[in-house]
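Next come the structures, one after another.
In the two complexes that follow, chain A is the common piece, with chain B as its partner first and chain C second.
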Partner chain A sequence: MDPLVYVLDLVVFIGIFSIVSLSLNLEFGFAGLANFGKVAFVLVGAYTYAILSQIGIPFYLCLIAGASISAIVGFLVSLPTLKLRADYLAIVFLTVGEILRLIVKSEDWIGGGVWGMTVSPAISLAGISARIDTLVNIGLVYFCLFICFLVVQLLTNSPYGRVIRAIREDEVAAEALGKDRAKYRGQMLALGSAIAGLGGGLYAQYLQFIDPYMFMPMLTFTVWIMVLLGGPANNWGALLGAGLVMLFDRGANVAKDYVTLAIDPSNLQYIMFGALIILVLLYRPQGLLRESQVKTKAMEIVRRGRDAVKNK
Partner chain B sequence: MAVNWAQVLFNSAVTGSLYLIGAVGLTLTYGLSNFPNFAHAEFITLGAFVGYLVAETLGLGLVPALVVAFLFGGIVGILCYRGIFQPLAKRGATIIHLMVASIALGFILRYSIGALWGWSPLYFSTAWPSFDVGPLRVTALWLWLIFAAVSLALIMHFVLVKTKIGRAIRATSSNPELALASGINIDRVILITWFIGAGLAATAGIFRSAGTQIWPMTGWDIILPIFAVVILGGIGNFYGSIAAAFIIGLAENLGVVALMALGLSTEYRIAIAFLILIITLIVRPQGLAMLFRRA
Partner chain C sequence: MEETLLRISEVSKHFGGVYAVNGVSLDIKSGSIWGLVGPNGSGKTTLFNTVLGLFRPDEGTIYFDGRCISNLAPHEIYALGLVNAFQLPRLFPGLSVLDNMLVAARGHQGDRLLNSLFLRKSWQRQEAELADKAVEALELLQLEHLAFSQAGELSGGQRKLLEVGRGLMASPTLLLLDEPAAGVNPKLGRRIFEGIEDLRRKGLSFFIIEHRLEILFDFAHWVYVMDKGKIVVQGKPEEVVENPAFYQVYLGE
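For the complex of A and B:
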């Protein structure tokens, strides 16, 4: 393969996974929700895109539809668990990921079952080289990433974002201040799922093929590594994490062809991912980039007052 | 289509027995350490492979395989708790961190097993011929499995009610501070529970795979119904999980009959456990607990 295309391909993947990683960061980092079924919403976005684009709907509508349906599914799934402890939500979302994959695997009429289905690319121009084609994809993916980043960054630094963080820190205190935790959590999961669904649509149109085996629980876990490594509740961290993990993932794929190891490298890679996550949790649970301090006028006054007392 | 209802009931007992043996450890460690250990699936898988090693590679038969798998699984359970979960909890990890760590541990174990034994399915060479008892078609393995589950229920009941360690487990599970203040060595109680729990999961792995195939996803294939059993039974509640295991076993087997009648894939059987899980969370999130004596 053309080495430049290889690099560009990596850039596209980093972009797509950054979008999914931002969505998990919103749910886990800011809202403290353990979504162990991220893959389910990527799957919904991907299959919605694939099916709608087949009947000739323009790509941007397919992407929006994928995100919307994903948001609805995310909201519905969250309903039974919103008032319960974090572990119930985790178990339910994990199960939903498995069941959705089971459905697309067993029902041939949805997306060809185990044989998968081909997906038409979002933008196809006649007679262009692989390089230009990948560049076009980079443009599309990074445009979507930019929008998602803007939305997430503005939202999490708004008064709304502070409520979300407050619920994460102490749900009883937040409830005492009249913040309905179930409502906020439902909204977060809907928005997070919408972003993940958008990522799924982009993924499907870039690879131009989807099958159920692309949506294994491993994908969810990879996104978790990105968020935990980069720094939960820090959107730049989510991007950094996505970049590092994809580089490692791709690097391992290249190294596979040149290095002979005693252990099959595809097994070794996941063993190393697992070990990495445990080490991060043990030694740097805040990730590489810390959560940034909340900056409001009130906080500023409190800080100045504290300094004044200290300096006396 | 005529349905052999006696057979459906018997199959439910077989499924329920497997889920019970698989779920006891999960529910006890969940209740005691306050997080769901997703690597429990890999304890099941590990037990299946250790059992395969003893029964097939070394050719020692099923009973030694069960014993060795129980001990080995138990030791791995203790090592995992001591090496990963306890240090994390000491550093103030949240429940989400512990869950993620358990998934990470699961991946380490699963892919290590994949590296050691490979990903293509293996089969136990012992054949389990089926024979007819009245209207029932049974195999010796299924009878063994039901016998094991019933003995487990009786032994666990005796241990939890009559013995010192059993009382200590119940006390620690319901109120750790009070248990500590009463002079119970909590650390030892937790270690023993992880040993028993992981060991039982390992034996469940052998029962699961002896009749079918064995591969690195063996445990993951049944972990979702096992979680449904734990939640329906009430987290940490042994008696609840006995009832829940057989309810879910029955629901799955009735569901398979229904799925076949509707012409749907029988792979959807895990969706049945999921439906029960969702209904439990909506109607009665504490599960069947309190209907039974807490244990």
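For the complex of A and C:
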């Protein structure tokens, strides 16, 4: 295979997983919701895209529909789990992911069951090389990534971002300070799932094929490693984590083609991910990048006030 | 004009067979400082938590501003302007002191999802006003130099002060304070109460639990004494100290 295509392929994967990692960072890093079922929302986005594009709906509407349906699923999951805290919530999400995967696996009519289904690419130009095709995908993916990043960056540096962080720190105190926990949790899960669903749609159209085995819990854990490594509650950290983990992940796939090791590089990679996560949590629990402060006008005003006092 | 702000009517709250609050009735009128004292375990904090909606009363009703609030959720009660500062500070340790203050603001436009994204102009103006207010309150509490520190790094006394400051940020009509002067040095304890008195002149009302009677009695207009879940003595501070029942409750004979 063309070596440049390997690199371009990696860039696309980093983009798609950056989107998913931003969504988990929003839910876990900022809002403290341990979503261990991220794969479920990627799956909803991917299958929605695949099914709708098959009946000839334009790709952008398919992406939007994938994000919207994923958001609805996310919101629905938030309703019965309102009173659950960290670990219990994580278990529910984990099972939601598995349930959805088993449904698409056993219900042939949805997406071809275990045989999966082919997906038409978002933008297909006749007779172009693999390089150009990948470049087109890079354009599409990074455009979506830019929008998602802008939204989460604006949101987390606003009073709203302050409230969701406060709820993460102490739910009872936040409620006593007039913050409706149920409302914020529902909104966070809906928005986080929408972003993950968008990532899922992009994933499906890029690979041009989906089957239930692509949506194993391992995908969720990979995204978790990205967030924990990059630094929870830091949007740049989510991008950095996605970049590093994907470099590693795709690198192992490439290595498989060229080198012969006693152990399959893809399996070795899982072992190394496990070790990495333990090391990160032991030695740098805040991740590579620290939590960013809530940057609003208020910070500036306090700073300016201080300078004024100094200059007197 | 004095009007009844908070009316607690025959309220009881029990945990298993133990009545923490047993048929308490009292009125809090606007524009004054009201004290609530009593030995440990007499049900003062439980009464506060019941008023705040953190506990649901087993019997009785609570009215705030003429409206029954016994069945409202804590955040709804907060929205009405009935605000509290916890006895054991419940700060947001990972957030800065400034953010801890700002998050307590009531009716902030930017607290809504869509506003925070699309109506940035309107909430930023509000944010600027709140920042000024936060700085003012932090200066009163001598915490201004720590505005950007994480709340989790503060000392015990500073946490207590920040908890009080957070209560002030909400522009409440009635502020419930649970031992605001506990754990801070006597001079600062008095300063806190002087700050409270200033705010009272501006129209705020306070309902305060405090064990430091020497400070509380200098500032309170009316004191309720609670024992074993009941109000046993009430009156002006100078009357209460004359009452033998008060001594019996506090010192035991």
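We adopt the following convention: the second predicted complex is superposed on the first by the 286 of 312 C-alpha atoms of A that agree within 3 Å, B and C clash if a C-alpha of one lies under 4 Å from a C-alpha of the other, contacts with A are read in each partner's own complex, and residues count from 1 in each chain.
The rule we apply is simple: contacts are C-beta pairs under 8 Å (C-beta built on N, C-alpha and C of every residue); 3 or more make two chains touch, one makes a residue touch a chain.
This structure is a prediction, so every number in the text was calculated from the model and none was measured.
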{"item": "Fit or clash between chain C and chain B when superposed on chain A", "value": "fit"}
{"item": "Angular separation of chain B and chain C about chain A, which is computed from CA centres of the superposed model and rounded to the nearest 10 °", "value": "80"}
{"item": "Partner chain(s) touched by A:34 [first = chain B, second = chain C, both, neither]", "value": "first"}
{"item": "Chain B versus chain C as contact partner of A:180, first or second or both or neither", "value": "second"}
{"item": "First, second, both or neither for A:221, with chain B first and chain C second", "value": "first"}
{"item": "Contacts of A:7 with chain B and chain C, given as first, second, both or neither", "value": "neither"}
{"item": "Touched partner set for A:254, first chain B, second chain C, both or neither", "value": "neither"}
{"item": "Touched partner set for A:128, first chain B, second chain C, both or neither", "value": "neither"}
{"item": "Which of chain B and chain C A:86 touches, first, second, both or neither", "value": "first"}
{"item": "Chain B versus chain C - smallest C-alpha distance in the overlay, whole Å", "value": "13"}
{"item": "Chain A to chain C touching residues, read off their complex", "value": "151, 154-155, 158-163, 165-166, 168-170, 172-181, 187, 191, 291, 293-294, 296-299, 301-302, 305"}
{"item": "Of all residues in chain B, those that touch chain A in their complex", "value": "35-36, 38, 84, 87-88, 91, 93-97, 99-101, 103-108, 110-112, 114-115, 224, 227, 231, 264-265, 267-268, 270-271, 274, 277-278, 281-282, 285"}
{"item": "Touch list for chain C against partner chain A, complex", "value": "52, 54, 73-75, 78-79, 83-84, 86, 90-96, 98-100, 102-106, 108-113, 115-117, 120, 123-124, 127-128, 130-132, 134-135, 147-148, 166, 170"}
{"item": "For the chain A and chain B complex, residues of the former touching the latter", "value": "28, 32, 34, 36, 80-81, 84-88, 90-92, 94-96, 98-99, 102, 105-107, 218, 221, 224, 228, 263-264, 267-268, 270-271, 273-275, 277-278, 281-282, 285"}
